[in-house]
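I'd like to ask you about the structure that follows.
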Amino acid sequence: MQAKWINRLLLMPATVWLLVMLVLPLIFVIVFSFGERAPAGGYIPAFSFEQYANLPARFTAFKNTLTLAPLGTLAALLIAYPLAYYLAVKANPKWKTLLLVMVIVPFWTSILIRTYAWIYILGGRGIPHLLEFIGIDGVRLINTPFAVLVGIIYGYLPLMVFPIYVSLEKLDKRLLEASADLGSPPLRTFRQVTLPLSIPGVATGCMLVFILLMGEFLIPALLGGGKVFFIGNALVDLFLQSRNWAYGSAVAATLVIIMLVTVTLYMKLVARVGEQREDVSIL
Amino acid sequence: MSKDYKDNMPISRQKFIEELRRYEKGSVSRRHFLGVTGLGFATAVMAGAVPGLRPSKAYAGNLGDKVVLATWPNYHDEANFEAFTKATGVNVQVNVFGSNEEMLAKLQAGGSGWDVFVPTNYTITTYVGENLIEPLDLKQIPNYEASAFDPRFAEPGTVNGKVYAVPKDWGTTGYVVNTKHTKGKKLTTWKEFWDITKTDFSGRTMVHDYQLTTIGNALKYFGYSFNSVDPKELADAEKLLLEVKPHLFAINSDYQPSLRSGDAWMSMCWTGDGKQLNSDMPEMEYVIGKEGGEIWSDFYAMPKGAPHSAAGYALINFLLDPAVNAKEVLAHGYPVGDSRTNALLPKELLEDPILYPAKELLDTLEFGAAATLTDPNRAELLARFKSA
Amino acid sequence: MTRPNDIEFTNVTKRFGDVVAVDNVSLSVERGAFFSFLGPSGCGKTTSLRMIAGFDQPTEGDVKLSGQSVVGVPPYKRPVNMVFQHYALFPHFNVGDNIGYGLRQRTPQPAKADIDRQVSEMLELVRLSGYENRRIWELSGGQQQRVALARALINHPTVLLLDEPLAALDRKLRREMQIELQTLQREVGITFILVTHDQEEALSMSDTICIMHDGQIVQTGSPTALYDDPVNRYVADFVGKSNFFEGKVVEADDHGAHIETASGRAFAGRNPRNAISLKNGSSAVLAVRPEIIFIASPKTGAPSNADVEAPAVIRNRIFLGEQTEYLVEAEGLGEVLVRAPKHAETQTGGFNPGDQVLIGWQSAAALALEDA
């Protein structure tokens, strides 16, 4: 009896927090999404599906987000994995901590400032200027989807590196020796042992990066020159510029639904792998 | 410690340049930098409480110790705030915004906590209509002498015969072009702006991330009104914008860095930015399209339920003191409509064609209309353009 | 008749930076032997094993497998397999896939049916038939141990390496597995190399034990040879229990020496076989195994064959079943450990702490050893 009471008490702050900060706003978003924009902006109650019918007007935002988010996740994975592998398996233990700190250090600076730095690196006085020295002229990098991708990879890399690093770090190195001992060359050992055992880290990293990317708006705005439009940008504009709360809510609700579906499918996939394996369990 | 402002009035040309340099150091343009981040606003507490500098006799009333001002980036002389604190004991907390829409969104959401804010002419009727601002008690602003102000820049502050806002400064929206790339051709119109973007300047032009100016200046291509909300005319503007979009360098109101780095060659531009760019890079030419475009005026106003209204009035009054206002002009680089202030400004500044364009150019310009800002079709048009 | 050697070390040295893990070691292991490296941690035994497996390469010297030098040959190309400490089973595979792992690495890969057949044969060998689809974490420690054995043996290695294979098991299970390993080795008939710090494990299973200390071999021989003729105090101390009485050599010849302890009393002891003779005046120890020491009541007196005796007081008594261990304080000798077999206890009726007793031994059974 008493234990039950204590459990409730322990869960109280989190429950209240979730209710106030997640459930309640979500209800507002859903209610608003059926309403209409007030003449001077804002919201007036109504019950119409007009806002949802208008969704195709943001098709490009959905398309850009749903292309660049998975692409960015995949690219971050491809860069993060070898780095995490090096840190966890190959790096000299003496330098390991220092190297890990170097991965985190950029996080001490605001993402805004770091992304601004990329404006200069990718801008005309940056990489394109260096390329001119070796005879490659007319390269434009800034304000392109490529620049957005670079920014995304840069910004989210540590989020991908750390879960993978942790899963590789706790990997028993004797398993690799066992595999070699049983006749498997290093590359096959990687494929048969290291990679499958780091799947939990990969799954967590991809999930983190993908979910955050779906709501990204800063990097496309700064490195895409306002021309590469994400759902996040559409939402910022709808709420802060056109002040069309009803339409904004419909876009937000749609984004939430897409995320729920994607994440559910993803978890099902991971769970299917996990059924056969005790070591794969995320969430 | 700032010196008594009367020591350096009237100001020398050299002093003016120094003051302007100070302004230039802020690489952030007037609008939209923070808007683009979506962060909404940034807060800075100016003129931290200095012990021993409590209210002087001049302001005997109980003003409290704090006043909150919502304004644009780099739009004031910080020394003036220090002087205000020194004189009154009231610290000025500055909230910086990126767009009128954001300010409106914040006030509509309620609980802004602002005492004074800086709306642009075309927003004032909306604020009045939404019952978000208070008529001003002009007795508390003795420094506002209506007769000294150019009525063009003061009138939008009066709605239904009540004064809701007093003028701060004004400006124009034209474009700035890097003449190094124009092959000697002189650009003078909006038609040329859009046409050269599709050809020689492909990938080099920037437009604002702001429906009022970007759509307005596209409308000017066809000779329509800057403020048009006519569906057919807007459809023409949209067609032009979509056609031009692949040739744009960026849709971004923070255009100075790209112009300075040489990545962009041309951009829609507000007076102050045009002045700064031209001072540093003489090849940067500020153009007001012959077809017309926007002229605007910014105001001081007070929201309903301002928590420190007495201090708010004191601040407005202080900033409208001609001597203080002259220092403001030197800091932000925009002209004011107050003849008393202009009398204190250097001749070079008053003759500057960027700040004070020729009369025949000015006459073609239009003030933005309230309906233009709140028109949902224009907002959607810009969104379609951005997401295309 | 000597059988060919499966493993040969010739002047092998392995350094990790400044640390010398294995120092100029030469040894050979006969085909089909059960050979153990015994020593405390850091003695170089595991490094020696890893050089056979190929995980470490010698800094100097040569390692040969079946007469062929394997220096520079990676582990996956060596005909040896290892049972790892804590087994190192793959957690993402079931029992069958773990055991079949080695076969799947072959080119060409054997047919699945063939792999399955061999896996089930191996499971039968280690008495885990029908466990193919079990998950690793569902198995007990002993079962995991047997899966690790099967996973190694399925490859028919010429040499099986065992790195502290029983360390993780409880005492009873360890005993069972010791017997099982010995039986298995006889069945498969290949060379087993065991690394352990547990002398009992080494003594009970091995044909040959190599005792290492600070990277060097101290003595190699059969368990009996090591027990009966330890070359020095280190070996005598490591293999079985001994009482050591320190002193100086006062008289020495080829067969033995007299050692004078601090109390001024001199004791005779024989030289172990294969040990160098002690020199007069050098420091040495007299080693006396507790089971050769008699314990008697002063009334009954010493047995007739004993030529050393001393009065003593019982300090402590531990009943161990088939024998009883006494700790006594003996005059001129200090603390002495004595083990009395069951039958002797029956005769004397046993002693209790505080009892006055007589202890002693036969000089011919005591060893005069180098104090190393």
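So that you can tell them apart, the chains are marked A, B and C in the order they are listed, and the count of residues begins at 1 in each.
What we mean here is this: contacts are C-beta pairs under 8 Å (C-beta built on N, C-alpha and C of every residue); 3 or more make two chains touch, one makes a residue touch a chain.
As the structure is a computational prediction, the values presented were derived from the model and not from experiment.
Colleague: Strictly by the touch rule at the top, which chains does chain A share as contacts with chain B?
Modeller: none
Colleague: Centre of all protein Cα atoms: which chain's centre is nearest to it?
Modeller: Central chain is A.
Colleague: Which chain's C-alpha centroid is most distant from that of chain B?
Modeller: The chain farthest from chain B, judged by C-alpha centres, is C.
Colleague: Could you give the separation in Å between the centres of chain A and chain B, each centre being the mean of its C-alpha atoms?
Modeller: Distance between chain centres: 37 Å.
Colleague: Any idea how many Å lie between the Cα centroids of chain B and chain C?
Modeller: 89
Colleague: Using mean CA coordinates as chain centres, what's the chain A-chain C distance in Å?
Modeller: Distance between chain centres, rounded to whole Å: 56 Å.
Colleague: Using the touch rule from the top, collect the residues of chain C that touch chain A in their complex.
Modeller: By the definition above, chain C touches chain A via 53-55, 74-77, 80-82, 84-86, 88-92, 101-102, 105-106, 135, 137, 151-152, 155.
Colleague: Could you list, by residue number, the parts of chain B that touch chain A in their complex?
Modeller: So the residues of chain B touching chain A come out as 35-38, 40, 99, 101-102, 104-105, 108, 126, 129-130, 203, 206, 209, 211, 245, 248-252, 257-258, 261-263, 374, 376, 379-380, 382-384, 386-388.
Colleague: Would you mind writing out the residues of chain A in touch with chain C in their complex?
Modeller: Chain A reaches chain C through residues 172, 174-175, 177-185, 188, 193, 196-197, 276-279.
Colleague: In their complex, what parts of chain A are in touch with chain B?
Modeller: Touching chain B from chain A are residues 37, 39-42, 57-61, 64, 112, 119-120, 123-125, 140, 142-143, 217-218, 221-222, 225-227, 229, 232-234, 236-244.
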